[in-house]
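Okay, so here's the structure we're looking at.
The chains carry the letters A, B, C and D, assigned in the order they are written, with residues numbered from 1 in each.
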Amino acid sequence: MLFTSDNWAPVHPAVMAALSSANQGSVPAYGNDDATEAATRALSEVFEREVTVAYVTTGSAANGLALACLTPPWGAVLAHEHAHVHIDECGAPEFYTGGAKVLTVPGPTGKMTPDALEAALSVYDPPQYHRVRPAVLNLTQATEWGSVYSPDEVSALSGVARRYGLKVHMDGARFAGAVASGAGSPADLTWRAGVDVLCLGGTKNGCMAAEAVIFFGDEGADQLPWRQKRAGLSWSKHRFLSVQWSAYLKDGLWLDLAGQANRMAKRAAVSLKDHPEVRLIEEPTINEVFVTMPDALADRLRAAGVRFYDWVQPGDRYDRKARRFVTSYVTEDADIDALGSVLDQNR
Amino acid sequence: MLFTSDNWAPVHPAVMAALSSANQGSVPAYGNDDATEAATRALSEVFEREVTVAYVTTGSAANGLALACLTPPWGAVLAHEHAHVHIDECGAPEFYTGGAKVLTVPGPTGKMTPDALEAALSVYDPPQYHRVRPAVLNLTQATEWGSVYSPDEVSALSGVARRYGLKVHMDGARFAGAVASGAGSPADLTWRAGVDVLCLGGTKNGCMAAEAVIFFGDEGADQLPWRQKRAGLSWSKHRFLSVQWSAYLKDGLWLDLAGQANRMAKRAAVSLKDHPEVRLIEEPTINEVFVTMPDALADRLRAAGVRFYDWVQPGDRYDRKARRFVTSYVTEDADIDALGSVLDQNR
Amino acid sequence: MLFTSDNWAPVHPAVMAALSSANQGSVPAYGNDDATEAATRALSEVFEREVTVAYVTTGSAANGLALACLTPPWGAVLAHEHAHVHIDECGAPEFYTGGAKVLTVPGPTGKMTPDALEAALSVYDPPQYHRVRPAVLNLTQATEWGSVYSPDEVSALSGVARRYGLKVHMDGARFAGAVASGAGSPADLTWRAGVDVLCLGGTKNGCMAAEAVIFFGDEGADQLPWRQKRAGLSWSKHRFLSVQWSAYLKDGLWLDLAGQANRMAKRAAVSLKDHPEVRLIEEPTINEVFVTMPDALADRLRAAGVRFYDWVQPGDRYDRKARRFVTSYVTEDADIDALGSVLDQNR
Amino acid sequence: MLFTSDNWAPVHPAVMAALSSANQGSVPAYGNDDATEAATRALSEVFEREVTVAYVTTGSAANGLALACLTPPWGAVLAHEHAHVHIDECGAPEFYTGGAKVLTVPGPTGKMTPDALEAALSVYDPPQYHRVRPAVLNLTQATEWGSVYSPDEVSALSGVARRYGLKVHMDGARFAGAVASGAGSPADLTWRAGVDVLCLGGTKNGCMAAEAVIFFGDEGADQLPWRQKRAGLSWSKHRFLSVQWSAYLKDGLWLDLAGQANRMAKRAAVSLKDHPEVRLIEEPTINEVFVTMPDALADRLRAAGVRFYDWVQPGDRYDRKARRFVTSYVTEDADIDALGSVLDQNR
C-alpha cells in the first residue's frame, strides 16, 4: 500500500519499448536527430501551435532553466508560498537565475487568487531599483496541494501579471493530471490563458526521466541552448530523452495514465474520509489526497503497511498537520481496497 | 521641515576635518596604512575585544559581504519579513551569496520573537537537501520600524539560532541609535549576546560613506578580503575610509549624534500623537517615528512644507498605511517646533 | 564510415537490458534504493576503496559539480589550454562555481608538464587577494588530443598541485579508454596518484546517460547532494541511472568496450598515416586519431562518405589544422576497411 | 622616492575643497541631487555628447558593472592577456557577470592588434552553444604596460569586434594619462572610435574615490541602477561622489594632473635608461615606466630608498622580469632628481 510518491513508480512499458526501439545504430548527438524532431512535433500537436522545447531530466532543472530565461538577476518570481520552486528545489531558481528572489503569495490549498497576486505586486509598483523588480509569475498546475486552476483562473492571474509587466511560467510537473481531470485542453490551460512557458513533466507519470521546457513564444527562447549547455543539462545521446516523449504522448497515453492515477486518488479519498478520525482537506482533483488525522491513527496505519508522507510546508500559516497520499499510474483498485480494509480495521 | 531620511544629512564637521587632516602626503594603498590600523583599534575598544574589520561604502555591500561569508549558496538567511536585506537591497544578499534564500519571520514592528523564529526553523529541521539549509539569522538593530532589541532579546534569538546551527548576523545601519537609546553597550548588544558579525553603519549618523563589517570571531573572516576585492569594494586610497571611523568614534561622538537624533524623534512623536487624526504605531526608541494619518492630513502637511515618506512594506500582513518621520543628528529643536506648528494649524 | 563522435553510438545491449530489468515495481526515489547502493559498491570495487558518488547525466554537469565542491568563487582552476572544461562546456565551471576562473597551461597534445604547471602557479604564489587563488588542478584523462597520462605523470602533476595547496580533479570522460590502453589500474591512475575527485564517464562508451562524480576522500563531498539538487541534477527515478553503472562495470565490460574502440582507432591510424597527404599528429592511445590533411583531400573523403570533424581549438598556439577521427565500441573492422579503401582510392 | 603606485597619492586640494563645499545642509540621497546632475553635465561636455553615468568607488566595481551590462553569463570578454580585468580584480568580472569568461589575446606591451583579436574571435565564429559566445571587447587605455592606443587603433579593434557582434568596453583607469599624452580627445578615443562604454578613473589622478561608468549609447544602460544597487555600489550621500568629478574636470584640472605625472615618468625614464644595467621595455607614454634590471641593482636601489614594484604578470609569455616605476600628479622634479642621483651612485 504505497502512497508515498509518484516518483517511485516504474517506467511505462510503452516508454521502455520506445527506448529499446531507439537503440538502433548511430545517430547525431545533442538533439540533431529525427527522434527529437518528432518529439517536438508531437508536443506542437498536443499544444496546437509551434513550440520551442528544451528537453531535460528533472523538474527542478526545467523550472530553473525556464525562470532564468524570463527574469534578470534583479527580478522576482511571484509564486505561491508553497510552490515547489520556493520550497522544494534547494534554491534551484536562485542558482539558475543568478540570484533572483522568489516572493510568495498566500492561498490555502496551493492556489493564489488574482486579488492576492495584485496585493503582492502593487507594493512593487512602479518598480524602483531599491527593490527587486517582479518579472515572472509562477503557477503550479496542478498545485502542490493537488488543486487545479481552470482556464479562466489562469487567464485572470496572467492578466494581473501582464498588467504589471510580468511573464507567466507554469510548473507542470503534474500537468497531465490537471488535463486528465477535465480542467481544459493543454492549449486552453496554457498559452490561450496567457502562459508563456510551461515546464511539462513526464517522469512522475510514466517516463524514465523526461521533463520539457516549452516556450509558446519567442521571447527568451533563444537563451535556452546556452543556459542548458552551461548547466550540463544537454544529453549527448539525446534520442533517448526524445523518444520517451513520443511514446508518452502517443494516442493520449499520458492522459490515460494520469486518468488512472486520478481515479485511484478519488477512490482513496472516499475510503479516507469515511474514517471518523480522518478529515479531507479538499476533495482530490488529481492523484494526491491531503488529509489530517491524529498521530496515533497515522502510526497504526503505518504499522499495518500503509506508506505515506507527513506534509509539513514551511510557512504554512494555516498550521495544518497534513498527510499526503499519492497514487500513480500503477496504483490499482486492489491497492485502494487494501487501504480501505486497513482503515476499516482501525476505526 | 525635513523628515525624509537620515541619508540626506551632511557629513559631521569632525569627520570632514579628519578627511582633510588625512590628506597629507602619500601612504600605502588598500588599507596597509596607519589610519586603518587606528580605526580597527578604535572599533576593538568600542566593542571590548579584538575584531576583524572590512571597511566598505554602503550598508548593502556590508550586509552582502557578511552574509556571503556566513552561508553557502544553498543556505538560507532567516530575517524579519520587513528586513532591509529582504526588501530594500534589490537582491544584494542573493547576489553576494551566490543565490542563498532569505526566509522571512513575521512580527508586528520589525522584531521577531524566539517563538516565531523557532517556528520558522523547526520545519527545516533536520536539514535535508531538497530544501535550502538555514544558515544565518539576520537581526536588524535598530529595526526597520525603529524598535530595539534588548541584550536579553538578542541572546534569546541567537540561542534559538545556535541550537539549529545558524550563525548570527546583525544589520546595524542604525546601531548607534540603539546604543544611544540605552539598550545596552556595544558588546552587550552583539557578541556577548551571541552575534557573530555586525555590519555597523556610520553613514546615516555623520560619516560620508562608512560602513564596517565587524567579525567578532574567526569563522568566515578569512573570506573577507577575497570577497571584498572581487566585488570591487576595496578602496585604493583606503585611509579616507578609515579616518572617518576614528573621528566618528572619538570621545563618543557617534553616540552624541545618535542621541540628538533620538531626542528629536521623541519630541516629534509628542507633537504627532497630540494631533487627533494621527496615531502613533509605537513610541519611538531611535530616530524614526511611524504613524498613521488620513491621506487628506498628509497632503495638508506636505503642502505646508513637511517632508516625509509613506512607508509601504511588501508583505505587511498588518495592512497599515504607515508614514515615516526620520530625524537625524542635524535635526534641531526649531525643526520640531515648526512641525508642531504645522500640526496645530491643521487640526 | 562514421568517425564523428562516440556520442553518436547506441546504448550497449547489456546496459539496455539492465534498464529493462530494473523496471519492476515501485522503489524509493532519489537514490535511496538498492540499485544505487549496488552501483556505488561496484565503483568502490573498481577503485579499490570506499568512494562517495554523485550520479549525473552529463559530463559537463559532473565536472561543474565536482569543481564547485573544490574551489571557492574566488579560486582558479588550472587546466590545459584545450581542456574540455575551458573550451567545450559553455562556461559550466564558471556557472557551477559561482564565477571561479579557469587559468590555462599550455602543452602540445593535451598534456601539461609539471614544469608548465609550476610556471603557471608560481606567479600566483603566495596567494594575494588582488588575484584569484589557484584552488584546483584539472587533468583530462585521456586528454582532448587522445593522449594519456601515466600514473607517474599524474603523480608528478598532483605533487606540484599539492605543494601550492590545490586539490586535483580528473575529467574522465574517456577514462575507460585510458585504463584499457594499459596506462594503469583505475586506482593507480587516480587516488594513488593524488587525484581527489574523478568524473567518470559512461555515456560515450556504452551507457545511455551516465556520468559519476567520484570523491576518493571526504573533503567537499558533503556539498554534493546540496549542489546536485540545486542544479536540478538529481534523478527522481534514480535506479535507472544507477543500474547503467552496474551493467557497464560488470565483468569488465567497460574495459572490453573501450578496448574495442581503442583497437579500431589504432587500425584507423595505420590506414590514415599510410596516405601520403595525411600526417598523424600523434600515435593514438585511445579511440581518437588526430591528423592533418589538405582541405581538398578532406573534401574528397567526405564526398566518399567518410564523416569526421575538423578540430579547431581556440587558443591553439601550434596553429594546426587538425582533423579528428573518433571510433567507438560499435566501430567494426569493416568500418576501418572501408575507410582504408576510400583512402586508397584518393591517393 | 616613491614609485610604487599612483594609488598612494593624496586627494588634490581642489577636490578636497569641493567635498567641504558640498557639505552644506541636507540634500536628497542616492544621486537625486544637483551635484550629480552637474557632474553628469560636466562629463557630457568633456565627451561632447549626452552620456549615462553610474558613479562608483573603485575601478573593479566600475569594470564589473559595465561588463555585466554588456554580456550574458554565457558570454566571453575578449581582453589582453595582462588586462586588469583578467589579472588584478580577483574575478570581479566573473562575479558581476554571473560567470562569463575572460578570453585572452596576446600582445607584447599591453596592446592587442586587430589581427590577434581576429584570430581569437574567428575560432568562435559562428557562435555555437557548446562554447561561450564572445560578447565584449575589453581594451585598457592606457594599458597595463603604460602604452596608449591611438584613435585609429581603437577604431580598427572596435571594427573587428563589431564584425563579430561584440560590444566595446574601455577600462580607463588611466584614461586621463592617455588623453594628456596627446593621443586624442576624449571623444576621439572613445565613442567616435567605436567604444560603447568607458570606465573612467578619477581616483589614481587626484580624486578620493571616484570612478565613472559612462555609457555612450542606450543599450544596456537601463541595467545600471539595478546592478549598481544590487552590488551595494550606490552611495546614499551621493553628492560627495559627484562633486569630486566636477572639481576634477573643471578647467581641465584632470589633464593638468595627468600631464604632470606623464612628464615625471618621461624624466624618470631618461634617468633609468641612462644606467648601463637598466633596459627600458618601452618609452613611457603615460605615468608608468617599465624596465628590466638585475636583482642586485634593484636591491641596491631599494636599499637607497627607491620604492617600486616588481611586475610579474601571470601568463607573460615574454618571460620578462619587469620592474614598474609609477609617478603621480604629486611627483615632483625633486623626486626624479633624487632617483637620478641614486642611479648615478649605483653604476
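Basically, contacts are C-beta pairs under 8 Å (C-beta built on N, C-alpha and C of every residue); 3 or more make two chains touch, one makes a residue touch a chain.
Given the structure is predicted, the values throughout are model-derived calculations rather than measurements.
**Student:** Going by the stated contact rule, which chains contact chain B and chain C alike?
**Tutor:** Common contact partners of chain B and chain C, which must touch each of the two, are A, D.
**Student:** Centre-to-centre on C-alpha atoms, which chain is most distant from chain C?
**Tutor:** Centre of mass proxy via C-alpha means gives B as farthest from chain C.
**Student:** Only C-alpha atoms count here: how many degrees separate chain A from chain D in terms of the superposing rotation, rounded to the nearest 5?
**Tutor:** When the C-alpha atoms are superposed, chain A turns by 180 degrees onto chain D.
**Student:** A-B versus A-C: which has more C-beta pairs touching?
**Tutor:** Per the contact counts, A-C leads.
**Student:** Indicate the whole-number Å distance between the mean C-alpha point of chain A and the mean C-alpha point of chain D.
**Tutor:** Chain A and chain D have C-alpha centres separated by 50 Å.
**Student:** From the mean C-alpha coordinate of chain A to that of chain B, what's the distance rounded to whole Å?
**Tutor:** 41
**Student:** Compute the distance, rounded to whole Å, between the mean C-alpha positions of chain A and chain C.
**Tutor:** 34
**Student:** Which positions in chain D are in touch with at least two other chains?
**Tutor:** In chain D, the residues touching two or more other chains are 73-74, 89-91, 95, 98, 129-130, 226, 229-230.
**Student:** What topology does the chain touch graph have (line, ring, star, complete, other)?
**Tutor:** Shape = complete; every chain linked to every other.
**Student:** Within their complex, state which residues of chain A touch chain D.
**Tutor:** Residues of chain A touching chain D: 72-74, 98, 129-130, 133, 223, 225-230.
**Student:** In their complex, what parts of chain A are in touch with chain B?
**Tutor:** Going through chain A, the ones touching chain B are 73-74, 87-91, 94-95, 97-103, 120, 123-124, 129-132, 312-316.
**Student:** State the interface residues of chain A toward chain C in the complex, per the touch definition above.
**Tutor:** 2, 4-5, 7-11, 13, 16, 19-20, 23-30, 56-65, 89-92, 95-96, 203-204, 208-209, 226, 229-237, 240-241, 328, 330
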